[in-house]
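The following blocks contain the structures, represented as structure tokens.
Each of the next two complexes has chain A plus one more chain, namely chain B in the first and chain C in the second.
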Partner chain A sequence: MRLEMGHIHIKDIRFSEESKIVDGVLFVCEDEIRKIVLEDEKIKSVTFDIAKPGESTRITPVKDVIEPRVKVEGRGGIFPGVIAKVDTVGSGKTYALKGMAVVTAGRIVGFQEGIIDMSGPGADYTPFSKLINFVMVCEPEEGIEPHHYEQAVRLAGFRVAVRLGELAKELTPDETKVYETCGIKEGIEKYPDLPRVAYVHMLQSQGLLHDTYVYGVDAKKSLTTMMSPTEIMDGAIVSGNCVSACDKNTTYHHLNNPVIHDLFEEHGKTLNFVCHILTNENVYLADKMRSSDWTAKLCRMLDLDGVIVSQEGFGNPDTDLIMNCKKIEAEGVKTVIITDEYAGRDGKSQSLADADVAADAVVTGGNANQLIRLPKLDKVIGTLDYVTKIAGSSADAIMDDGSYEVELQVITGATNEMGFNCLSAR
Partner chain B sequence: MGKLRVVHYINQFFANIGGEEKADFPAELRVGEVVGPGLAFKASFKDEAEIIATIVCGDSYFNENLETAKAQILEMVKAQNPDVFIAGPAFNAGRYGVACGTVADMVSSELGIPAITGMYEENPGADMFKNKVLTIATKNSAAGMRDAVAKMAPLALKLAKNEKIGASCEEGYMPNGVRVNFFEKERGSKRAVKMLLSKLSGKPFTTEYPMPSFDRVDPNPAVKDMAHARVALVTSGGIVPKGNPDHIESSSASHYGEYDISGVFDLTSDTYETAHGGYDPCYANQDADRVLPVDVLRDLEKEGKIGKLHEKFYTTTGNGTSVASSKAFAAEFSAKLKADGVDAVILTST
Partner chain C sequence: MKGLIITNNPIVSEKFGNEYRVEYVDQSFEDLLARVRDFVHKGYVILTHPLSGSIKPKETPYKSVLLSEVPLLTGVEGESLKLIENSIIKAKAFEDKTNNLSESVLNDFRLIDLSLLESAL
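Now for the complex of A and B:
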């Protein structure tokens, strides 16, 4: 499968009478976008704001982060099975608005939404402080249950991102990258001497708002399966969950999956990137055993030499991570696993909820329990009502000077387990 | 501000007194003297710090007169009251390494003065002390002195100035069981690809998190007589009286709660809820019995299938709570459960 990715660099976002992109500036017509959000009767109102890198701005509670994209050539559309009709994506040509994101916020569940600081010490830990963020704060209609509200906001974010992406359809990209993988036989013939490598992608599927969707299918209801690595670039996987903010894979992470992009960098040079294997993180033991059995079986059937396994969330999914690692290694396929740590605020505790000697190659996104002092910022987009309640905070988080002492856990994307960041620990 | 004050500990060999034949040289304090490797430290400190005294002690003397030697050295350091204490580096000299670890540990724990040492990773002193004392990993012989001092001197200065200590791989000390965050040059996915390529080609690689030895607990034998057993409920599912009176955190709990359920036959949405941030709380908040099954246990109590439901339950949020915290909570409330004559505990999660 071959996909050409065109990057349109967005240098600024401004509100305007008409939505358009001119010379790298995204103009957004609020009324038009509001209509798109309010198509869903569960959403009562929405306010928009723009947050730029370096500003004294805090966005919270953050739900999802989405990069606008548009399909220019080839089958299907962005977010197949969710926004676009079901059709196999990942080939042809796609444009992405780089340097910006749509951020959805609102009170939603109130435990596992996150914080994005656009400046100060917190900004160092979230990749989204480096983007120009178009933030939509959604209020639900009275009496809507949290999970319905969550779904409404999630889908509204996708609709808005798709609309903004469409503004780029006729533009000429600032840069273009081509991603191509081959069929099984073709790959063996083309790269006979290169190790066969795949990416085992564990999707959050613990249920009860901890869900991920693949072509619109709830990942917890799927067996381990596989895709071409370019499919994610058209939004084949979207986030629908609220695990702790630090190691939640937002839709932005899925679209820009760093493991896939870095494996592509080496594809045809030092390795043969065979495919993208999707497995889940269900809570029932039988599901965990079945899914990890299938993952190991697929690795063997594909005659892989090595895999990188990434995780989402912590605690319960640590058991899936270790099961996958152990079983894949037992098939003679070498593994590197990416995780993060909950080593306690003092860093002295065991970092994972499960362990095995087979996991001898681990990349860590850092200790999520580490404390950070977030100073008071001038502007808040959203509400601070939940800052002491979200995962990683506490009733004692508010300091006398108005700053917050919280764990890195509260910061959206801080200890990402796809290896999106440079943060690590020893 | 004056220069930072350093006391340096070395053995008879590095003090140029002699080798094994002089290893019985007793502990000696040399105030104002910079001896042997101290000169390299002095050069490295520039104007920031000075070695105000050197303690020289033979390795045999130290090990054969352990308690006396320790007491003598402790007094010497105490009298000098330095900002930081440096022992060694000991490279691969086993008894010297153990002596360095012992004195550095003693100085920091008993005098509260920050202390470091340095030695080769296979030095027996390393395994004994690396988790207690910041121990710089050095080469296996004194030929590695320049390299050792280049790492030890800056770390000693940071300690003396009470500055934040970076991760082991940044500062050069041996991993000591304390996880410290830092920013790598490359993102995690890139590091993963590189690590995999090394692993596939049989080249050496270093895992970023060595697997811990895992504590697996065998279940107790079955309770023989449930009909007369006092049964308690304990949960990591975060069930608390409505309003979460003790503010148990939604993640990374700092404490647990103990609540009385005498006369409570059913947990309702008006009386109980969950504080747990790791799952959608809707269903637990509608009926907290779903996580903490008080209603069912009351039925069993009435039916005579269990003796009694214990009047207190213990609760915390398991979400993101460290193993060390969980162990500490359990050690405390298990003692209470035992003291209260509880025969069996039902542990529920989420």
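Now for the complex of A and C:
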């Protein structure tokens, strides 16, 4: 499968009478976008704001972050099975608006979390502080159940991102990258001496507000399966996960999955990137056994030499991670796993809820319990009502000078388990 | 599939009390895990992960764990014991943040715990 990705660099976002992109500036007509959001009767109101890197602005609580994209050539559309009709995506030509994101914010449930600081020490911990963010703060109609409202905001974010992406359809991209993988036999013939490597992507799938969708299918209801690595770039996987800000994979993370991009960088040079394997993280232990059995079985059937396994979340998924690692290694396929740690505020506790000797190549995204102090910022988009209630924070988190002492957990993307962040021991 | 539910979540107890054997314990998150371990020592098998959900231990006060309906005749099941011991170690590493939670937040936590359990039933 071959996908050409065109990048349109967005240098600024401004409100305007008409939505358009001119010379790298995205003009957004608020009334037009508001209508798109309010198509769903579960959403009572929405306000829009723009947050730029370096500003004294805090966005919270953040639900999802989405990069606008548009399908220019080839089958299907962006977010197949969710916004576009079901059709196999990942080939042809797609444009992405780089340097910006759509951020959905506002209360979903009472403890919902997620902070993006656009400047100060908090900004260093989130990749989204480097983007120009078009923020939608939504309010639900009275009496809507949290999970129905989550779905409404999730879909509204995708509709807006798709509309903004469509503005780029007739433009000429600033740069173009080509991603191409081959069939099994073709790959063996083309790269006979290169190790065969796949990516095992574990999807959050525990239940209410902890879900991920593949072509619109709830991942918890699927057996382990596989895709071509370019399909995810057209939005084949979207996030419905609202919990654990630091290590939840937003839709932006899925669209720009760094493991897939890095494997493509090495494809045909040091390795043969065979495929993208998707598995889940269910609560029922028999599901874990079944899914990890299937993951290991697929790795063996594909005659892989190695896999990279990424996780999403804490606790329960640690068990899936270790099961996958153990069983894949037992098939003679080498593994590298990517996770993050909850090692206590002093960093001295056991990092994961499970372990095994087979897990001897581990990359960590950082210690989510690490304390940091976030200074008071001038502007808040969303509400601070929940900052003391979100994970990693506490009632005594507010200091006399208006700053917050919180765990890294509260910052969106801080310890991402795809390795999308920049925490380092160096 | 039927089983034994150990829970400190009143809405789980209410909803499944007739259908399942429910052991309702009005205790903390950590005490509940210790209670699960007691059952594992009697030979019960854990069927759902004790650290399900991304809301961390002691950030939510509620937890429900599904176990086998009856204990194994062969005694303690090793995997279940390892799982609950690891879960207890992990839970200890977290600070308790459940004081002063508002009723609406507690309500959301009860609902999420219920749905995590339901996803396995």
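Keep this in mind: the second predicted complex is superposed on the first by the 422 of 426 C-alpha atoms of A that agree within 3 Å, B and C clash if a C-alpha of one lies under 4 Å from a C-alpha of the other, contacts with A are read in each partner's own complex, and residues count from 1 in each chain.
Basically, contacts are C-beta pairs under 8 Å (C-beta built on N, C-alpha and C of every residue); 3 or more make two chains touch, one makes a residue touch a chain.
Bear in mind that the values here come from a model prediction, so they are computed numbers and not experimental data.
Aligning the two structures on chain A places chain B and chain C in clashing positions.
Shared-chain residue A:N282: touches chain C; no touch with chain B. Note on chain A: of its two partners chain C and chain B, the one contacting more of its residues is B.
In the superposed model, A:N369 makes contact with both chain B and chain C. In the superposition on chain A, A:D354 makes contact with both chain B and chain C. In the superposed pair of complexes, A:H147 makes contact with chain B and with chain C alike.
By the touch criterion stated above, A:K248 is placed in contact with chain C alone, chain B being left untouched.
Of the two partner chains placed by superposition, only chain C is touched by A:K220; chain B is not.
When both complexes are overlaid on chain A, the residue A:A343 reaches chain B and chain C alike.
In the superposed model, A:H210 lies in contact with both chain B and chain C. With both structures placed on the common chain, the touch criterion links A:G315 to chain B and to chain C.
In the superposition on chain A, the residues of chain A contacted by chain B and by chain C overlap at 109, 111, 146-147, 206, 208-210, 243-244, 314-315, 342-345, 349-350, 352-354, 369, 389, 391-395, 409.
The part of chain C that touches chain A in the complex is made up of residues 46-49, 51-57, 59-60, 66, 83, 86-87, 89-90, 92-95, 97, 99-102, 104-105, 107-109, 111-112, 115-120. Only residues 167-170, 175, 177-193, 195-197, 199-200, 205, 207-215, 247, 249-252, 254, 276-283, 318-325 of chain B touch chain A when the two sit together in their complex. Considering their complex, residues 109, 111-112, 124, 145-147, 195, 197, 206, 208-210, 243-244, 258-259, 261-263, 265-266, 270-271, 305-308, 314-315, 334-336, 338-339, 341-357, 359-370, 389-395, 407-409, 416, 418-426 of chain A touch chain B. Against chain C, in their complex, chain A makes its touches with residues 109-111, 146-147, 204, 206-210, 220, 241, 243-244, 248, 282-288, 313-316, 318-319, 342-345, 349-350, 352-354, 369, 389, 391-395, 409.
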